[in-house]
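Take a look at this one; I'll ask things after.
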Amino acid sequence: MKNTFGNNVSVTLFGESHGEAIGAVIDGLPAGVEVDEAFITHQLDLRRPFGKISTPRQEADRFSIVSGVFNGKTTGTPICVIIPNENTKSGDYSKNYGKARPGHADYTAYVKYNGSEDYRGGGHFSGRITAGLVAGGAIALDLLKKKGILIGTHIKKCAGIADDGFSDYDADIKFLSDAKFPVLNDNAKVEIISAIEKAAEAGDSVGGILETVVTGVPAGAGEPWFDSVESMLSHALFSIPAIKGVEFGAGFGCADMYGSQMNDQFRFENGAVTAETNNNGGINGGISNGMPILFSCAVKPTPSISKEQSTINFINGEDVTLNVTGRHDPCIVHRARVVVDSIVAITLCDLLSQKFGTDWLV
Amino acid sequence: MKNTFGNNVSVTLFGESHGEAIGAVIDGLPAGVEVDEAFITHQLDLRRPFGKISTPRQEADRFSIVSGVFNGKTTGTPICVIIPNENTKSGDYSKNYGKARPGHADYTAYVKYNGSEDYRGGGHFSGRITAGLVAGGAIALDLLKKKGILIGTHIKKCAGIADDGFSDYDADIKFLSDAKFPVLNDNAKVEIISAIEKAAEAGDSVGGILETVVTGVPAGAGEPWFDSVESMLSHALFSIPAIKGVEFGAGFGCADMYGSQMNDQFRFENGAVTAETNNNGGINGGISNGMPILFSCAVKPTPSISKEQSTINFINGEDVTLNVTGRHDPCIVHRARVVVDSIVAITLCDLLSQKFGTDWLV
Amino acid sequence: MKNTFGNNVSVTLFGESHGEAIGAVIDGLPAGVEVDEAFITHQLDLRRPFGKISTPRQEADRFSIVSGVFNGKTTGTPICVIIPNENTKSGDYSKNYGKARPGHADYTAYVKYNGSEDYRGGGHFSGRITAGLVAGGAIALDLLKKKGILIGTHIKKCAGIADDGFSDYDADIKFLSDAKFPVLNDNAKVEIISAIEKAAEAGDSVGGILETVVTGVPAGAGEPWFDSVESMLSHALFSIPAIKGVEFGAGFGCADMYGSQMNDQFRFENGAVTAETNNNGGINGGISNGMPILFSCAVKPTPSISKEQSTINFINGEDVTLNVTGRHDPCIVHRARVVVDSIVAITLCDLLSQKFGTDWLV
Amino acid sequence: MKNTFGNNVSVTLFGESHGEAIGAVIDGLPAGVEVDEAFITHQLDLRRPFGKISTPRQEADRFSIVSGVFNGKTTGTPICVIIPNENTKSGDYSKNYGKARPGHADYTAYVKYNGSEDYRGGGHFSGRITAGLVAGGAIALDLLKKKGILIGTHIKKCAGIADDGFSDYDADIKFLSDAKFPVLNDNAKVEIISAIEKAAEAGDSVGGILETVVTGVPAGAGEPWFDSVESMLSHALFSIPAIKGVEFGAGFGCADMYGSQMNDQFRFENGAVTAETNNNGGINGGISNGMPILFSCAVKPTPSISKEQSTINFINGEDVTLNVTGRHDPCIVHRARVVVDSIVAITLCDLLSQKFGTDWLV
């Protein structure tokens, strides 16, 4: 199922960085959900390059919903969102074909597609394809919000600089929903941006960690074993280019913990199940337990850097040196944030409709 | 698809900890592969409790292959492996029904299944179900070995004590394949076992990190976006109970790296593509690049501890204290190792047969 | 997904005719459904050979539910039903290996599995495997019944002799549920049985048509395009060996009809939507319209006949003549009936839970 | 998976009759296949209305391939084909909303989508959506042709008038590939067209049967049980609106045959496996046997007729009479032909790549 993911609610991605258009088909969302095109634009804006710390390639990201919406509401049938590619400079890329950019999919795409891949700007492997996901995911995010399910992601760490943790989920999520650069602590924000700019000047790039919270998911979502909340979310998250790690709750930190520390001891609070700690990230046995779902994603430094690198020319079999030109992001951590939110929203719609039926989501 | 995973090669799990039997159905493996029952037994032995650092519940794990094997070879049709449950002491569990063991799926299973779950010993959420996976996975491991694809996992860290990293993949994998307690450094092994025993004496448990290497995977396996090597492996790995984190290559460490450090600069070596570093874990753009696939999994401390804990009684809605009795593992990191190898082997068979066809695997 | 079918509710089949056991795993049924083992036995009895018109191979069909049922109720986790093979006479088959029985899968299995197939008694392609489906399907049938959804199938035609059509769905379904030989008209029943016996004496076999009605399915089940009620049911039905045709409502008869005859003109009757005719078989645009779902299946004559036949020996590449010995059914139309009901019940549970959620089924 | 079908090769459909555009995403086709846009146009022309026997709604069907094709060849990534809707007269439809057109999905779509469906011209249930399938299927047809696999479909019967059967598969397929009205016998063609015109004048419509042959499929394609050739093809075929029956080989005729007649007795001919008869339609046990695959589909009379009909108004709960105006086809059998060929081509690519790998198809 290559470019399609999900069971009851699914998403299919298509497009190449320098092709005619990129897009997504979201299927299985319930009928009758209002589609807020301004919110889709807002979400696409959050994904777009930002200031000096992003690529100068500016895409208008004019999206067009060609199906599945009628009179401003979802019809229940597949929603196809198309975003035409504009401002492409294909000439930048073709002359270097064969020289594998380190950290990119140039070489693997060549092997996989026997030399017929669209190599321009990373082709189908480009982060550009996530714009379709963000447009489609905006509808899922909106729908979940109406059910009281909120998603927020901040930069936990970037360029080695840490942000504060969440302090008040609801307030933080609200703040992040409009933040172009999603850092909770203002000083950390200034430092991180400065570090990115410094790396950019050196022709280099930086990575980071995104931390996400989802509040309002009822207990009982997810399936045992293979369709656990963790399995489904990680499947979705690792499909985002540059994501190299996913951890839930205490994650890798649990290697240094005792069971007596790790276990979240339940208690009732106003009739609701809760606990002092949330080291399991709101998930027990792969099923949501009603507490906030918490996870982090590692985002690698953008592989496109201006420094000279050694690599191979896979066409003629020679070792070469490469100076990548073109327009690049010295950091994509902040741009990846909204992609995470989008894909998580779609995946949660899928998991929730398995237990409760598609109609429950309206 | 709840308890079934995979496309061309799939696995279905069934069973409860204290039911009649647990088992797995592996479908899509090629026909004509020799089935080595001694190797299956060997793998099940690696999963079984070990010395003082494991539960005294000893299962013979007598497996029975009831389909899909004829004259000692796979037939190409579904292989069903059944392992009867023996030595079950259900009385230990039933009296505490309603008191959610912290860190376990008791409460979430109750909500998900509306009170009809088999609660004995964790029921369908028990780690016991992985025995079926190990039995079925042994056939996949064996098959990959014949194609030159080797999988090895060691304890990178446990109870806060670190093992050495891999130094020689082939030798290390060979060593680990027979190691009951998979630690590469002998001193570390002694220290870790001692720390586990100490935790056990205190009625507590410890967690750890497993590190896995897969050598010999040809470039070109995996699919863009949703069926990337990372997406498929993480989906499979997070279905193992207790796994709370998965990272590939440099993983979360990439947050502190520059692109110029993270990028693996390719070069040819004897005609083969290689690189000095492998921070991308053998995967670019979700597709294998021919270098070893490297990843780590965080394994949480066993939630079953003997210390008194606060929790809820979800039947009568009261806060209670709980003293978990029964037989427990103070650590399952070493036991989880062979489960990781098994599920990775099955998933790789699936990914490889997508590009090359099922017959390629023979 | 080879041997697994379904989305929210799925079934996985395994086993070979002369292996250790055959069985099925049903996943996704809701928790808390009472499991009536007597009804499962009753359904398996309907599938078993009957009098002189069936094979003398008598299987006790002692089934064992090894998972997914606790305290007499479904737990919501996978239900694995195992039926050991008994009374196998493998010696009958092995000596003829290589001589493809016409109409059977001997040759195609050989090609597909590169000569490693279990050829004894048809191996994995044997109708015997349907016993697992019947056992698992019984739970689904029972569950649907509690929701007011009833399924009944009769022999519309066999050996060229026609049965009466349905006259009163509820009464007919009730009658058929206990009928060992499911024919509505008593005279037709006598004639058909006599024709089968005559064919059996001549060493030959006969085919027939099964007609099924499903009452009580609410409007709105099924999905547009690929998961239409017709697509899903036909997918399931054509997986039954010997089924060579499926038609809904007027089916192939619509080639001789005008639109004005074919269209079912709706009207309200006591507030419910109905129509004089049901040529669309209760399905419009792939979605159930609330009227009875009606379809027919063509069942080919059993390919195992005692007459001498020409065929190939695919091992040595020679044309040969073959006298099939062993124990055969001169007709399987009546035995296939309960397989149809079973697979339809499972598929409907899947379709219904897509719209309404798994919990709706309880 | 609602609007997505297939495993290794899949197709996703989207769009509504009077929306902005309709289209399809084909994923999993191998890389490096030449894409012949003239052939796509040719196939779309075969689907378009024809002479007096079709709707006067003429669509230019200008398609646009927005992804998955580079330098005239497939890239191996998803191919998205978009066909804008033109010449829509939505005013014709909206005024009758609530009055369920008999035989159409108006009422079922209303129930399924809780009143939020796009009702204009049948919305997502319109035959118009098949244009995307035809465009995408053209690439699959072309690819199979290069592997020696040919598909041809003729009208076996229409308006009660029978065509000749196939006499020479290769010549007939070649003839049909350019035939706007696919009937083999010239007299039958004249009679059928005349009968359709007569029905049209009476404000009525007619149905028919399509017969398809596929030559060149190697033995060994298809999977046992649920992904049999019959299961997969019927699943795909029944997703075409108006198809109400599918039969393979002798199909429903087998109810009147003896096993000794039905069985296709194999023999070798120039080293290849063949048989005098092909009553099993080239499929044994769900697996292709190397002989031509033969099947027929029943196509119901177009439900849109000009005659007055009784029906319900599902908005106000009243019985009403309806005079459907707008532009209609008195027959769609000939137009459905190319849809059958397209969907069969895509499904065969999927089945073949399961055994042989995607790369085999190039």
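Going by the order they are written in, the chains are A, B, C and D; count residues from 1 in each one.
As a working rule, a residue touches a chain if its C-beta (ideal position, glycine included) is under 8 Å from a C-beta of that chain, and two chains touch if they have at least 3 such contacts.
Owing to the predicted nature of the structure, the values given are computational and were not obtained by experimental measurement.
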item: Other chains in touch with both chain C and chain D; value: A, B
item: Pair with more cross-chain C-beta pairs in contact, given A-D and A-C; value: A-D
item: Distance between chain centroids, defined by C-alpha means - chain A, chain D (Å); value: 38
item: Chain centre separation in whole Å, for chain B relative to chain A (CA means); value: 26
item: Distance from chain C to chain A - Cα centre to Cα centre, in angstrom; value: 45
item: Where chain D touches two or more other chains, by residue; value: 1-4, 7, 13, 77, 112, 124, 224, 355, 359
item: Complex interface listing, chain B residues touching chain A; value: 1-5, 7, 13, 100, 102-109, 111-112, 122, 124-125, 129, 157-158, 160, 199, 204-209, 219-220, 222-228, 230-232, 234-236, 238-239, 241, 243-268, 271, 273, 275, 279-281, 283-290, 296, 298-305, 307, 309-312, 314, 317-319, 355
item: Complex contacts: residues of chain D adjacent to chain A; value: 1-4, 7, 10, 12-16, 19-23, 25, 27-28, 30-32, 64-68, 70, 73-80, 82, 112-118, 120, 123-124, 359, 362
item: Chain B to chain D touching residues, read off their complex; value: 7-8, 77, 224, 353-360
